[in-house]
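Below, each structure is written out as structure tokens.
Same chain, two partners: chain A is paired with chain B first, then with chain C.
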Partner chain A sequence: MAEIVLRSVCFDYSSAVPVFREPGITLALPQAAIALIGENGAGKTTLTKLLNGLLRPRTGSVVVAGTPVAERSVAQMAPVIGYAFQNPDDQLFERTVRDEVAFGPRVMGRPRETVQAAVDRALDLCGLAGQASTHPHDLVLAERKWVTIASALAADPPVVVLDEPTLGQDWAGRERLRALVRALGGQGRLVLVVTHDIDFVAQACDWTVVLTRGLVRYSGRTALAFADEGRMEEAGLELPAGTRLARALGADPAPVGDEAFAAWYRVRPA
Partner chain B sequence: MARGLSLYAEGSSPLHRAHPLTKATLTLCAIGLAFILPSWPLVLGVGVALLSLLAAAGVLRRFLFVAAGLLVPITLLLALVQSLANPHNQTVILPLGPLAVHREGLYIGLLAALRIADLVAATFLFSFTTRPADLAEALMQRGLSPRFGYVIQSALQIIPQSLETADRIRDAQRARGLETEGPLPRRARAFIPLLLPLVLSALVATQERAMALEVRGFGLKVGRLARYRIPDSLGQRVLRWGLALAVVAALAARLRGWL
Partner chain C sequence: MTPVIAMAAARYRYPETDHDALGPVDLAIGPGEWVGVVGPTNAGKSTLCYVIIGLAPQFFGGRLRGEVSVFGSPTASQPVNERSRRAGLLFQNPFTQLSGARERVDEEVAFGPEAHGLPQAEVEERVAEALRLTGLQDLRARHPLDLSGGQLQRLALAALLAMRPELLLLDEPTSQLDPAGSRALFDVLRGLHAAGTTIVMVEHRLEAVAAMCPRVIALGEGRLLADGAPAEVFNRPEVQASAGIPAFARLAALVGKGPPLPVTFESAVEALRG
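This part shows the complex of A and B:
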């Protein structure tokens, strides 16, 4: 079952700045770890904001986890779709990490025990269990970003959007993120990762959507997303390191992801 | 598109191209004359001159739109209060029970409103045709300390920037389930989550701005060059002095009782 369905969605910020022109975006996304990639200004963040009603389409419909977005306010969409924005400083305001993460489910009116349990789980998943009573602004940027990710998870939504989560993350943070994205995708959630980090896409996401100048150029298995080099070039994207290396070594089609590269390398023709 | 605090309207009229100091002088002198000149035909004359300048700059319609909301209530209020309660009131033109509308007060009230209209027109004439950055630049080229210039420019820039940040914060909190619309108690609850990130980010931004300025040599005690000089002309210089003299002359005439 498709978790996110967009039908003929047209959108522009003003008539001078069209983003999704006629005939509009039509897209169905499954429950999986999904990467949304494309050049700067392709419309990635705009697309994600249409999913929770922060932006409203000019024409067309958006349905997220069975909920027609047009009929709900942004706040009413929050239990359905968790959103971790790029800049954590736009949302942090509580005195402790725990209160910050609990804010979402609390304003949704969930019972205290449910909130406690959900917050503990989210803090654990995001490696913040030891920082629960720290002031969010005493954390470094990468950790503050984790607070926003935990905040998005604490409401236990079926769909999670992570906007540029790898920015500023060190290796350990990246590994944690990879595990998290994989785990969420495996739990039957849809986790949508907006990113420019193509290696992360190859490692963590099963499904990839390529957006170029407001058009969906590809939506399907990540393994096949990088097969068409022309399409990637048009989207202003490089190939994952492993894929590039395999291609240089003569692989066609080139493998995507570390395991696939290793498998190909072991049996490659001499 | 950034929402600006500035009222500047893009244009290419002679007024748009005039030196900011010329326009500043024009505005200050028009306000001075409006309050110095004693009789309504003269004050009205200043207003008509300002309106024709607004028309020449292509911003008359915009001015009328903004001014109507501002000036109509002020005029009504002044006319009402003065005509009912000015101590010089003698001639009744309309009895209203225990109160009465008086000719003297009505005249005083309308003259005061006319002066305020001149003031508003002069101020908008300046704001509509002058980029704030150009004014600060012009003042710095006339020897204003760059620190003050920066204060002027940043004050004008920080508010639109804060509005944008406030929008992002609002989006982020709504996406977490916070209702920001609806009845008052609900909106009051949304106040802290919306305000605190704004204050914190403003404080952080101030520190970063200060450091960014310092590493670019803002504090150096050396002479500066201007990237571009704002063009001035002999004609404008003469006009500025002429306007200033007119104000002085009007003031002298008023004090001598010639007007």
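This part shows the complex of A and C:
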């Protein structure tokens, strides 16, 4: 069963700036690590905010993990969908990293020991175990970003949205993120990653959605997402490094992801 | 020739901290150079920008020791707003850059030139040029807060370009841009570089640094780990262990090529063809 289902979803911030026009977005996403890619202003962040009720569609329906979003408040959606904002400063307000990460499960009324254990696990996964008592604003951007990711995970939701998680991440942070996204996808969760980092998509995500000017141009296996060069160009996207390199070396179709690249290179025709 | 940036045994410590965020650093950057700055989180990359532009210590407080000169003047004795005629910093978070006082994109871009008292005709010419370079013409009447993250980053750059700085400091300028936006930004930087602008660019996308910057400095724990051409710097084990490795070098290593590893697309194609 699909974990996220959108049917004919139309949305605009004002009539002058429509984001999703008629006939609207229709999309079904499986439990997997999913990349949401597309040019600036394509509607990526808007789409994710419709999933937890921060924004409400003008027409159409959104169902997340079996829950019709229209019937729930944002707070009621919180146990279902964890959300890490693009700009961490829009989200952080507690005095310590631990309190910040504990906020969600605490206000959901979960028992103290459960919250404690969930927070410890989330901090550990996000490399923040040593900074539990630090004030979030004493952290640099990349670390504040990790606090928002830990907060999204702490309530143990079946769906997790990460908006531009690679932003400001150094190499080690990016590796940690890749492992985390793969692990979440492998655990039968749906983790939706909004990103411009195509190389990250190739390495971490099984499924890719390409959004261009408010339209879904592709939704399917990442391995096939980069096959249509015209579509990629229209979406203002580039190919992952390995795909680009293999193509220049004569691969057709070109492999996607490091393992596929290495496998292709080993048996490439001379 | 007088360097644009000269640092000698420069050390900086933020207020209420017990260690130097930067330094000791010795560094000279000449006119027209394009230098990439790489390194892990907390290596001191943003701090280096703040020290050069003078925000550290003039805005952040804390203590600066050693010598830092920009255009031959010690930063300690020159007000930041005086330097902002010649040098500009693009912040990592574009929200930080907004004046907050303007309600249209074009008015925001005009803010700097107007604050420096330029004649109205010149302000308009500069605003038009900056909007064109950053591809924001169609959004000129929008409210800055209605822009997406990537559009906001382009607005912050446009506001800087309108000042026509001789020295441009960029702290992760493409972090919120889509690939087309990144390419457009790099085209703008290539043009500015060709016209003689000195550019210092903090960037995590090592492929981009390797492809464009003739010189790279790698920072680690506030100090210079390496300083040289990309092909040399990115092959240093201590740089690979901290800043990481460009994607094409990673792929080459994966199939048993190198050392030395190719660090750009072109050199990787060459190395893997054999």
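Criterion: the second predicted complex is superposed on the first by the 270 of 270 C-alpha atoms of A that agree within 3 Å, B and C clash if a C-alpha of one lies under 4 Å from a C-alpha of the other, contacts with A are read in each partner's own complex, and residues count from 1 in each chain.
To be clear about the criterion, contacts are C-beta pairs under 8 Å (C-beta built on N, C-alpha and C of every residue); 3 or more make two chains touch, one makes a residue touch a chain.
Keep in mind it's a predicted model, so treat the numbers as computed, not measured.
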- Message: Under the superposition described at the top, does placing chain B and chain C together on chain A give a clash or a fit?
- Response: clash
- Touch check for A:G60: first (chain B), second (chain C), both, or neither? neither
- Task: Go through the superposed model and pick first if A:D89 touches only chain B, second if only chain C, both, or neither.
- Result: both
- Query: Is A:P165 touching the first partner chain B, the second partner chain C, both, or neither of them?
  - Reply: neither
- Query: In the superposed arrangement, does A:H137 touch chain B (first), chain C (second), both or neither?
  - Reply: first
- Query: Is A:P255 touching the first partner chain B, the second partner chain C, both, or neither of them?
  - Reply: neither
- Touching A:G214 in the superposition: chain B (first), chain C (second), both, neither? neither
- Task: Count the residues of chain A touched by chain B and by chain C, then name the partner with the higher count.
- Result: C
- Item | Superposition clash, chain B against chain C - the stretch among 60-68, 222-230 or 240-248 that is involved | 222-230
- Find the residues of chain A that appear in the contact set with chain B and again in the contact set with chain C. 13, 17, 87, 89
- Query: Given the complex with chain B, which residues does chain A contribute to the contact?
  - Reply: 13-14, 17, 49, 52, 54, 73-75, 77-79, 81, 83, 85, 87, 89-93, 103-105, 107-108, 137, 151-152, 155
- Query: Contact residues on chain A for chain C in the complex?
  - Reply: 13, 17, 38-41, 45, 86-87, 89, 140-143, 164, 167-174, 196, 198-199, 236-238, 241-242, 244-245, 248-249, 258, 261-262, 265-266
- Inside the complex, what are the residues of chain C that reach chain A? 39-42, 46, 92-93, 95, 146, 148-151, 172, 175-182, 204, 206-207, 242-245, 247-248, 250-251, 254-255, 265, 268-269, 272-273
- Item | Residue ranges of chain B in contact with chain A within the complex | 1, 165, 168-169, 171-181, 192-193, 196-197, 200-201, 204
